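The structure under discussion appears below in the form of C-alpha cells.
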Amino acid sequence: MASQSPHWRVYLSGEIHTDWREQIAAGVEATGLPVRLDAPVTHHEASDDCGVAILGEEPNKFWHDHKGAKVNAIRTRTLIEKADIVVVRFGEKYKQWNAAFDAGLAAALGKPLIVIHQDEHAHALKEVDGAALAVCKTSKEVVDILRYVIAAELDGYTRA
Amino acid sequence: MASQSPHWRVYLSGEIHTDWREQIAAGVEATGLPVRLDAPVTHHEASDDCGVAILGEEPNKFWHDHKGAKVNAIRTRTLIEKADIVVVRFGEKYKQWNAAFDAGLAAALGKPLIVIHQDEHAHALKEVDGAALAVCKTSKEVVDILRYVIAAELDGYTRA
Amino acid sequence: MASQSPHWRVYLSGEIHTDWREQIAAGVEATGLPVRLDAPVTHHEASDDCGVAILGEEPNKFWHDHKGAKVNAIRTRTLIEKADIVVVRFGEKYKQWNAAFDAGLAAALGKPLIVIHQDEHAHALKEVDGAALAVCKTSKEVVDILRYVIAAELDGYTRA
Amino acid sequence: MASQSPHWRVYLSGEIHTDWREQIAAGVEATGLPVRLDAPVTHHEASDDCGVAILGEEPNKFWHDHKGAKVNAIRTRTLIEKADIVVVRFGEKYKQWNAAFDAGLAAALGKPLIVIHQDEHAHALKEVDGAALAVCKTSKEVVDILRYVIAAELDGYTRA
Amino acid sequence: MASQSPHWRVYLSGEIHTDWREQIAAGVEATGLPVRLDAPVTHHEASDDCGVAILGEEPNKFWHDHKGAKVNAIRTRTLIEKADIVVVRFGEKYKQWNAAFDAGLAAALGKPLIVIHQDEHAHALKEVDGAALAVCKTSKEVVDILRYVIAAELDGYTRA
Amino acid sequence: MASQSPHWRVYLSGEIHTDWREQIAAGVEATGLPVRLDAPVTHHEASDDCGVAILGEEPNKFWHDHKGAKVNAIRTRTLIEKADIVVVRFGEKYKQWNAAFDAGLAAALGKPLIVIHQDEHAHALKEVDGAALAVCKTSKEVVDILRYVIAAELDGYTRA
Amino acid sequence: MASQSPHWRVYLSGEIHTDWREQIAAGVEATGLPVRLDAPVTHHEASDDCGVAILGEEPNKFWHDHKGAKVNAIRTRTLIEKADIVVVRFGEKYKQWNAAFDAGLAAALGKPLIVIHQDEHAHALKEVDGAALAVCKTSKEVVDILRYVIAAELDGYTRA
Amino acid sequence: MASQSPHWRVYLSGEIHTDWREQIAAGVEATGLPVRLDAPVTHHEASDDCGVAILGEEPNKFWHDHKGAKVNAIRTRTLIEKADIVVVRFGEKYKQWNAAFDAGLAAALGKPLIVIHQDEHAHALKEVDGAALAVCKTSKEVVDILRYVIAAELDGYTRA
C-alpha cells in the first residue's frame, strides 16, 4: 500500500549442523522479501572458544565455557531483542538446551516464535510449541510464513 | 520546522469488505503525508486458510482456524506494536470480535486509537469509544485527523 | 508444599445475562480454592447510567454512554491489571464487543486468558481463541482448570 | 532488623523424577526460612493429560499435548512471574527442554536464576549457566544459598 | 463475591487550602469502603521548608525550594506509583502547576485519573480532562464514583 | 568520533504566544546540530477547534473542548514519547496547565526535561524544576545545552 | 487519614564499617515509623567467601570473587527492586564501587535515592548526587526524611 | 547473510585521562565494523563547568557541580539508553564513582556490559564484574569482542 518497506528482522536460533539457515536465506532472497536474517555465530569452535581466545586461557573447563557463553550472549541476546520474529530449530541430535533457552527468552520478550522440529520431538517440545505461533517441519514452511506475514502472499490464493 | 520527516506508521484494523483502507490510502497520498499504512491480510480466504495451507491440513475445523489465527497474529501483533496510531473500523455486519480485540490490544499498549463506526453501533461500542482519542464515521475524517496531527493542517484554519 | 496460600485473583469478563459467574463462584467455594473473583458491575442499568447519575445528565446519548463507559473503566481496567487470570465469556446474543476488547487488553498485558463460548462462535472468535490458554464451553471447565492450576487437583488423576 | 519478614517466593522448575523439591522443602522448613516454594504440577500423568481431561479428547496427539501444555502454562508462567528466585534442575535423563525454556523465561524476566545439574551436563548447559547467579550440584547447596541470601546465615562464618 | 477485600489506594493530589480531602475521607468512612487515602504533606510551611529544615539552610531561594521539592517528591512520586486511582483537585486560586504535573505523571503511568474543578477552569484544563476518566465538581461525586467502582453501589439503582 | 550522526528529537512544549520555538530553531540551524524539533500545533484557533471541525459540532463547550483535546493528544503524546529531550516553556500569562501536564508526562516517561521560565515563577514551579535536568531563562540557553550535550561544544572551553 | 499503614521498604546500601545502619534502625524504631529496613549481608568475610563456602573452592581469586559476587547479587538486586527508597552511604575509605553501582541500579529502576557522604567527596560524587532526591551527611537526616515523607512529621513545624 | 548492516551503538563510559577510546575507535575503523561509538563529554573542564557556563554562576561549589552533573546527565543517560553495548573503563586513579554508577545504570537497563580494568582492582570491582558479560584488560580485547559479536570474526578460527 505504501512504497517504503522497512525490513523485518528475523533471528534464527538453534541447531547449527545442517544448512537450514542457508535454505531460509535462499528462500527469502528468491522471493525478494524485505527481511534481515540474524543468527548466533555458527562456527562451532569459535563459539566454544571465543571467551578464552580473546580474554585469556582458563585451566578449568567450566570457566572456559563460562567466558565463552557470556561473550556469545552479547551477540545473541542483543539480536533476539532486536528481532521481530524468532525462529528456533531443534535438530535430531544433542541436548540443544540453548535453543530451548532462546525460545524462553523470546516468549518472555513477547516475540512471535516459530519453532522447527520433526514429529519425534513433539511431546518433549510441547511447552515450547505451546508458546509458539507456528510449528514447522521444514525451512520452506518458514519461508512461506514469512512471505505470508510480510508480503501477504500465499500460493494458491493470492497467486496462481 | 525541520526538513527530515520520519514516517508515521498507521495500522488499519477491522472490517475487510469495503474499500475504506483504499480511501484512506488515497487521501494520504493526495495530501503527501509521510505515512506508512499497514493492515492485516485482507484476502479473506487466504486469511482463513493460511495455517493449513502452509503447515498442513487439519480435519477439525477448530484447529484449522487455530493454526490460521496464530499465523495471522505474527503479522497483526507485530504491526500493531510498531504502529504510531491504530485505526479500527467496525462495519455494518458480522460479529467483528477480532476488531474489538485489536482495539483492546492497542489500548493496553498505549497506542492512540481512532475508531470508525456508524451511530447505530455507538451504544454497543461505548467501551471501545471510551478508550479512543477520536470516533469517526468516515475515512475522510481519519485522513483529516492524520493531516492535522502529522502536518498541522486544518481546512478553514491553516488553509483557506 | 507450604502452608501459606496467597489468593489468585481471577477476573470474570463478558456476558452478564446468565448466572455463569455464580456457577464459578459456587465451584470455587465448594473446592475451597484460594481465589478472589472480580467482575465488572453486572447491574445492567447501573452500568449504563453510572456516568450521568453521578456526574450529571447529558442530552446527547453518545456522551451519556461516554461518561458511563469511562467510569466503568476505572473499575474494569484496574481489576484486569490486578488479575492473575482473565476469563471472558461470550454469550449467545449481542455484539459483546466489550468482551473482546477486554480479551485484547488481557492479551497485551500478558495475562493468562481463558475464553468461554459455544461451538457456533468458534470461527468468529478464532483470533481471541488463538490468544487464549484455554477455550471452554462451561463454567465447570473453568472451575476444573482453576482447581488444576492452583491446587494441582485433577479428577481421575490426583483424586479417585 | 525489623520484626516482619515477608516471604520470598521460590519457584522450583525442571526434573520431576527425584525428590529434590522435597529435599529443598525440608531444608527450608528445618531452618525456618520465610520462603514459599512453588512448582509445576509434578504428577506426570495429570500434567500430560490435563488439557483433554478437562476440555475434551483430541484424536491427534499433537493437539492433546498442545491443550495440556497451555493449561499447564497458566500455572507455570504465573508462578514464575511471581517468583523472587527461580531454581531449575536438569536431571540425568530426557531432553528437559521445558526446563531450559523456563530458564529462558526467568532470564528475560530478570529473575535471579539458580541452576542445578551435574558436571557431565556443564558444557551443554553453558548458556544457561552463563545466565545464572549460582550453579549448584545438590539441593543442600540451594538451601544454603537461600539461608545466606534471605537470612544472612553462612555456616562457619555467622554461626559456629 | 468473595469475603476478602483488599484495599484500593487512592491518592489525593492538588489544592491544599480547603477541606476537600477530609470530605472524601468522611464519605469513604461513612460508606465503609475498603479504601486507603494518601496525599502529599498538606502542612504548607512544612512542605515549603522541609528540605532546608532537615538538610541545612540555603541562602538562595531557588535551592531552598529545590531541596524541598525533591524531599517532597520522595513521598509524592512513591504514593502516586502505588495508587490504584489518582484524584487531582484544581482550586480557584494559584497556578497549581504541581497539580497538573501530578496529573501528567498519573496519565503516563496509566493510573485512572479523576479530576475535580469548577466550570470556569474547564477550557484551561481541557488537556487534563481529556486524559481523565471522570471530571467532577465536588468531593461527593468522587465518593460516589469510589462507591460505584469499588462496591458496585449506585443510589437509585442498586439501592433504593 | 563516528561520521554518521543520528538526529536527536527535541519536543518543544508549552507557551505559544512568543517566538521562542523559532529562536531555538534558528540556533539549532546556525550551529548545524543534528536535531529534529517537534511541537504541538501552535495555531491557537486550529488547536481549539480541531475536534469539532473534523468530527462535527458540539453545542456543549465542554465536549467541544474534549474532542479537540483528544485529537491534539494523538499528536502531542506520540511526539513526547518519541522525543529524546522534552523542553517546556512557561510564559508570563495564563494557567498553562497543559505545559505542566506535559512536564509530568515527560518525567514519568524518563525523558530528560528542560524547563524555561522567569524567576517570578520559580516558587510555583519548584516541583517541575525539581524533576528537570536544566532550568533556563532563555532560548539561547536551551540551544547552548543542545550544543553541549549533542556536539560537546561549550563556548570558552572547547571553542575560543 | 486511614488506620492501616503498609510498611515502606528502605534498602540501606554501601559502607559496612560503621554503625550507620543501626543508627537509622534506632531512629526508625524510636519514632515508630512503619518501615522495613533491608541491607546487604554486612558480615565482611561471609560476604567475600559465600560463593566458595557454599559452591566449592576456586584456586583463582577472580572466580572466588565472582561466585561470591553473584550469590550476593541474588540478595541485593532482589531487595533493591522491592525497595520503596534506596539509601546509599559512601564512607571515608575504600573505592566503594559497589555502592555507586547500587546507586546506578536504583536510579535506572526509578527508585527515590538518598545519598549520605561528607563534603570532601561531593565533587567525586556529583553524578550520583545529581540523581538523588536528597544528599545527607548523617543518619539522623535520613531518619528525619523518613519521618517527613512517611509520617508527615517535621520538627518545629508539625510538632513543637 | 544480508547486505544491509545496521550500526551497533557502543557507549564508552569511565576513565578520561588516557586514549583508550581512541584505541577502540582506531580498532573499529581498521576492521570496518558497523559501529557507532558514543561517549560522555571528555573535555574535563567543560564537563565540570558546563552547568554554570550556560545557566549562570553559583557561589556554592555543591550547586556548581550539581548544575553541571545534570546537564551532563542529559547526554550520558540518553546515550546509555540508546546503546546496544556499554563499555566501562576503570583507570588506575581517582574514585571514579560515576563509572560504577554508569555500570549500575547499564545493568538495570539490561544492556550488555563490558568492563575494563587491571587485576589490582578486581576485588573492589567484583560486584561490577559479576554483572558484566566480559571483563577486559585492554582496548584491543574490546575491539576483538566487538569483531566477534558483530562480525563473527575470531582470529585463528574464522581467519588464519
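As written, the chains take the letters A, B, C, D, E, F, G and H, and residue 1 is the first residue of each chain.
By our rule, a residue touches a chain if its C-beta (ideal position, glycine included) is under 8 Å from a C-beta of that chain, and two chains touch if they have at least 3 such contacts.
A quick note: this is a predicted structure, and the numbers were derived from the prediction, not measured.
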From the listed F-H, G-H or A-B, the one duplicating E-F with over half its contact pairs the same is G-H
With touch defined as above, tell me whether subunit F and subunit H contact each other through largely the same residue numbers, more than half shared, or through different ones.
different
Using mean C-alpha positions as chain centres, tell me how far subunit A is from subunit D in Å, no decimals.
26
Centroid spacing, where centroids are CA-atom means, of subunit A and subunit C in whole angstrom
36
Between subunit B and subunit D, what is the separation of their C-alpha centroids in Å?
42
Multi-chain contacts in subunit F, i.e. residues touching at least two other chains, fall at 70, 72-73
For a test of understanding, state which residues of subunit H touch subunit F in their complex under the given definition.
7, 21, 25, 35-39, 41-43, 45-46, 49-51, 53-55, 67, 70-75, 77-78
Can you check the complex and tell me which residues of subunit F touch subunit H?
1-2, 4, 6, 8, 84-85, 112, 114, 133-136, 141, 144-145, 148-150, 152, 154-158
Listed in rising order, the residues of subunit B that touch subunit C in the complex are 61-62, 65-66, 68-70, 72-73, 76, 90, 94-109, 121-131, 135
